[in-house]
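Each of the next two complexes has subunit A plus one other chain: subunit B in the first, subunit C in the second.
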Partner chain A sequence: MSRRAPALALLSRYGFLAVFLGFFIFFATRSDAFLNTSNLVNILEGNAILLVAALGMTLVVASGGIDLSIGIAIDFGGWLAIVAMMDHDVAWPLAIVVGIAVGASVGVFNSFLVVWLGVSPFLATLGTFFIGGSIQQIYTSGGGQVPFREMPEGYQKLATGDTLGIPNEIIVGAIALMLFYVFLERSIHGKRIHAIGLQRSAASVAGINVRGYLWVAFIVASATASVGGIIATAGLRQFTPLAGFSYLLDAIAAVFIGASMHPQQRPNVPGTLVGVLFLGMVSNGLNLMGLDFNFRDALEGLILVGAIALAVSQRRVLGRSGASA
Partner chain B sequence: MTTTVSARTPAGAAARRVLHFTISRGPLVVFAVLLIYLSLESEFFLEWRNIKSILRQSAPDAILASGLAVVVMAGGDDVVVGGIDISIPAAATLGVGLIADQLVGNTPLLWAYLLGAVAIFGVGAANAFLVVYVKLTPLLATLATLVASVGLYRWAIDNRRITVLGNGFVNEVRDGDFLGIPIPALIMLGTLVVVGGIAHRTRFGIRMQAVGGNRSAAEIAGLRPGRYLAASFILASFCGAVASIVLISRGSGLSPGIEERLLVDMVLATFVGAAFSPRRVVTVPGAVAGAILVKALGNGFQLIQVDLFKIGMIKGVLILVVVASSALVGKLRQ
Partner chain C sequence: MTNTADTKANALSMHNISKAFPGVQALDSASLAVAPQEIHGLVGENGAGKSTIIKVLAGIYQADRGSVWVDGAPLDQITPETVHERGVRFIHQELSLVPHFSVAESVFMAQEKRGMLGLDTRKMRRLSEAFLAETLGAEIDGRTLIRDLTVAQRKLVQIARALIDGQARLVVFDEPTAVLGATDINTLFGNIRRLRDTGISIVYVSHYLSEITEICDRVTVFRNGEDVGTIDLGGATAPPGPAPSDTDSAWSAANGAPRQGEIIKLMVGREITDMYPDRKPEAGETVLEVSGLSDGSRFSDVNFSVRTGEILGLTGIIGSGREALVDTIYGIRRTRRGSLTIDGAPVKLRSPAQAVRSGLVLVPRDRRNDGLVLDMSVGDNVNMATLDKVSSKLGWLMRAQARRQSDEFAEQLDVRPRRSATIVRFLSGGNQQKVVLARWLATESKVFVLDQPTTGVDVGARSEIYALIAQLATGGAGVIVSSNDLTEILGICDRVLVMVRGRIVAERPTSGLALDELVALTTSSAAATADQGAAIYGPEHRGGLEVGA
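Here is the complex of A and B:
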């Protein structure tokens, strides 16, 4: 009995990983191409933008909020970096800084609304979402693409180049992952942000600078998301207005999948990584199975519902029997 | 310190009251000023023909927002861990797709609409199951069913536009009037009476609000929160089913992708509508009023030829005015 209990506890904690592994094996048996190194690298590379967006979201959700405007930060980051290079002949490394700074300003606006005015994060960032979308439409004649064919090679290499044989997108994603892991899970600042998310008033009483950390969370989240936008424009050599919205729901899903794996249901960096990889793997695997495009989307949605429900419910059942044992 | 002193003196207290009044009535004043401005700028704005078109356009948003309002009331207004249902527009679109598909295939009207309703209630039941039994946060649960609904309808209709032509009932709901009032507006009113009545005027509704206000207190008082939460998702899918009837008529079928616009407008209407309640909380009548207001402003700005792209900006500022005012009122009360 005592020997089984830890095993159960382990299984309940890593229930989602079991689901993950199950799908991995399933896809590997259904398609020969799935296990190819180049395909696995593809999955990582194709989801680097989602990963950086989801990391930013993890930080905000850990602080007890949510950020519906990460799509806007993604759009603005890539857009303004391109505009800086195209219309103002700014050198590409500086253009990246410009893009990130503009992305961060979206976070400043959010923080102003949330921290200063006391608006709930959901509604504040929803307002930002509407306003940011409108600004893009106004300056792109309703959402016309902004192509930039003569993009500097260095900028383009962000998305298309390799360093030591590793695609640069993966390197950017890995660096962001490491920084977020150290900051949110291994530093005192991360502990404080989690404390704020768990119980804001208690954190405040304990002497934590709640307002300061909320500013940091929103600004860092937006700045990080804008890195995703910069990669996206580098890969496509153009800016597509309002394209960032497509990452919002996936980023939220990844964060909450990650949270469902945590013992206290907290959003966490490793969990978010698993969430992103799961979403990327399912979409890639279904793709390789050669299913009809529309059927694939339907199946992807059902798998998302099923996998999350299975992982969470199985964990509750096992958790209960583990406790009684 | 200074504020406590000034609040004690009569003049300070009066100033405080004026400030409180201005901020708390701020959104309503802003709305009124905008509407008056628009009616002065465009003579057509307040013509019955235009009002009818505003009502017709706002019906789907208002009906969907009524459903979201119920879920927010039952789950609590913390959007991240409290009540939210972002799957209603996607479920309604799934219903519209199935109905359109059946109507094109000459299925009898009643069966087609019934099939659509069954699918929409299926999504609502899935939400209730995931939130109440699996204990997922509503945001994640309804996000997952949203993705599934969108995938399912795109698959079911092959992701192409379905046009329903020459169907008497569909056309009647789209263009018809009854006693001079557009039929979608009457359906909207009917939803308001039924859903608003249940949520605000019945014992069940009051208990549901109690669960949303303080779940553990409600539980200690002998209520079973799970039941009320589940019921709120089912009521939301009822709204989704009603909305699908209006939506298939408005679009004369289904154009894939309509759910995205509906989602943001539903959320906007629901939370802007909080400005109409004395306690700045989400209510069903508020959600309906919010939907009409947002459409009326959009329509008015289009009439005076404001760039269509700026209307998103206006929507964003509107929601910030409402929520910032209620946040400031909260701060003043402290």
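Here is the complex of A and C:
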């Protein structure tokens, strides 16, 4: 084994955590407000929707695919929940169910394209992305907002309320995090999904129902994303068409930043959490320092590319010494 | 060994070529000499080094040692370009043509004719049609798309592409008949002879000994990376009088052709050692029954059964349909006709998952792609098919139990290293294969199909795997070993099925079966199938083959 390999492996695995910590300390020393409990809670609360979307994305990427239509599921979830309450007087808990079901149906459509028709996940979900965006524009007269001032209090509280002093958004995010952790990292289904994502033909020959799990991955991802959309509408008391798109690229970035920390560069739930928190912390910190918010995207890009390049170079060194021809 | 005078006179001289890959000496001072205007055969078992030396000649592999002379002049740098410049051409086994290109485009690919305004398509069409008609005796419209041609016609296009520039001095045919029917083979042979008579030298690589003795002037036999002899076939070639009919040319090794016996002896040249376990086969009830199975292209009308406690061998060279049959039984490929019963119950196999559920499991030939998830641990790979045994009802993975299960089977099979967290990628081939076996042992299945179970497995681990296979049978499972290693088939199996060109042509008990007899059966080419009827060479056979497959 090359002498460079262990150093690189360490750097790749913990290098990002060091960067994370570095930024944390930087912000803490530069801004008095940053370390405030209320500010830290703000970061968590403000990124709950991204976390939920990124968890769904983690599942699809773990199964070997990608979901570019996650924003559509976010939009449709919140939109249809509002429509159900506003136009059909549906009780708010039921409206949430409606929203999630509609979100899940986006995943059903994706699965149909990917599993039945054999379209690649990238192109299938790109198609869904365009179709879903168009539908929103058609029914909102070109993307006009759908306000809902008389929103039931219970629904609003999803985003604005507290439970035992903890903001509800954080609670929803934490529950999603736990469920995904158990499903993807601690259950046999997660094992199988990881196997499919790593080496589909081997998983299939081992008797794993590959098609079935791909259905599950796309549907669960979309349903989860729609929860994010429901929270978003609850916070704003309105539905903003196409707003879900803003979460897509951050979710992908968070998943891959997280994957770069895994010894085999696998997408994983704890890694995704770290990725989301990092993105949230950086935008918050820049904001507090009064720096241009737009720096955040450049930083995000640099970190993402850096983390992945490091992971890849580690793999190359390891591959040269450890693996056979 | 050739001397310098011969080297100068030969069309091709490859001297003491050595080539090592990690863990394998693929070529060990191997030599090959081809005289001018000669059809020179090249034979040997799988792994003997035939394709390696061809790839060295093609500039695909760089030899560690040795020299290559073409037309009496040494080749200092062997790259695909320098070799091409010296007039060496290759007709590859797989049909390396683009399906949506026309015949003319294919013939002139990468050697296009330019006119005043870009490509001169009309000229290319005229030239390719003329070449096909005059040199190869085939009337093919230059505008026809490759995908609309028969496999035999595609082969001719490949040949035309190699020869159209008129610079060819030596043409290497690599298993050219693997995808052809009997009539097409005769046409091809006619063309090869015609090429020789225009002054071109031919290297003819094939598994089919009957073809070698029919068309070649001389043949060089490879074994274990060395050339072990060159036999003059002068008398057997170019039979006088009219071209032989299908049945005349279809004489098999079993009923004549003493030269084939000579070749086989050189090819085999080794004894079966005590690598194989002693066993007293006690066959019980029929556990797997396959009847009338066809996949519509690679094989048809396959019937056989396996009994508990029995090890059934399945063999056949490349193109025999053996691999396709294995994949179809496991549900990887679609069945066209026929049925399959396990323990008397009919089973519809549409996916490997269904096969596993029915109690039929496969150790695939391509271990690194299909057998294992290389980046997962030994434990995960062992438990892959039995995760529900180590989880709660809701699917919570009970790690301690999972660990215990994988350790138990890994220990039983002596997988090393003994750490269930080791990533499988870093295990040796033999240990990787044991991990696959351990996974299936844990399922308690009834039928085990092992495809090329010892490929890439070193000798020590090999005998362990044979012992395991014997153990499976003793434990009451039905076992199928599919392999092109004939000593392995004879050593481990109780009974063997031989496939040739998509059919099972022979079924023999292995006790008392001699290796050369088995070699003769697998390499009998059109001979064995001539009396089986020509039906399988019909359009269905061709239509199912994909370009490049």
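Just a few scattered comments:
Throughout what follows, the second predicted complex is superposed on the first by the 279 of 325 C-alpha atoms of A that agree within 3 Å, B and C clash if a C-alpha of one lies under 4 Å from a C-alpha of the other, contacts with A are read in each partner's own complex, and residues count from 1 in each chain.
The definition used in the following text is that a contact is a pair of C-beta atoms (placed from the backbone, for glycine too) under 8 Å apart; a residue touches a chain by one contact, two chains touch by 3 or more.
Predicted, not measured: the structure shown is a model, and the values here were computed from it.
Once the two complexes are laid over each other on the shared chain, residue contacts for A:D162 go to neither subunit B nor subunit C.
In the superposition on chain A, contact is made by A:A206 with subunit C only, not with subunit B. Shared-chain residue A:D32: touches no atom of subunit B or subunit C.
In the superposed pair of complexes, A:I66 makes contact with subunit B only, with no contact to subunit C. Judged by the touch definition given at the top, the superposed model places A:V182 against subunit C, while subunit B stays out of reach.
In the superposed model, A:L302 lies in contact with subunit B only, and not with subunit C. Comparing subunit B with subunit C, the partner in contact with more residues of subunit A is B. No residue of subunit A lies in contact with both subunit B in one complex and subunit C in the other.
On the side of subunit A, the complex with subunit B involves touching residues 61, 64-66, 113, 117-124, 126-135, 137-138, 142, 245, 249, 252-253, 256-257, 260, 292-302, 304-305, 308-309, 312-313, 316. In the complex of the two chains, the subunit A residues touching subunit C come out as 182, 186-192, 194-195, 198-199, 201-211, 264, 266, 322-325. Interface of subunit B with subunit A (complex): residues 77-80, 126, 130, 133-137, 139-140, 143-152, 154-156, 158-159, 260, 264, 267-268, 271, 307-317, 319-320, 323-324, 327-328, 330-331. Residues 21-23, 330, 332, 351-353, 355-357, 361-362, 364, 369-376, 380, 383-385, 387-388, 390-391, 394-397, 423, 425-426, 439, 443 of subunit C touch subunit A in their complex.
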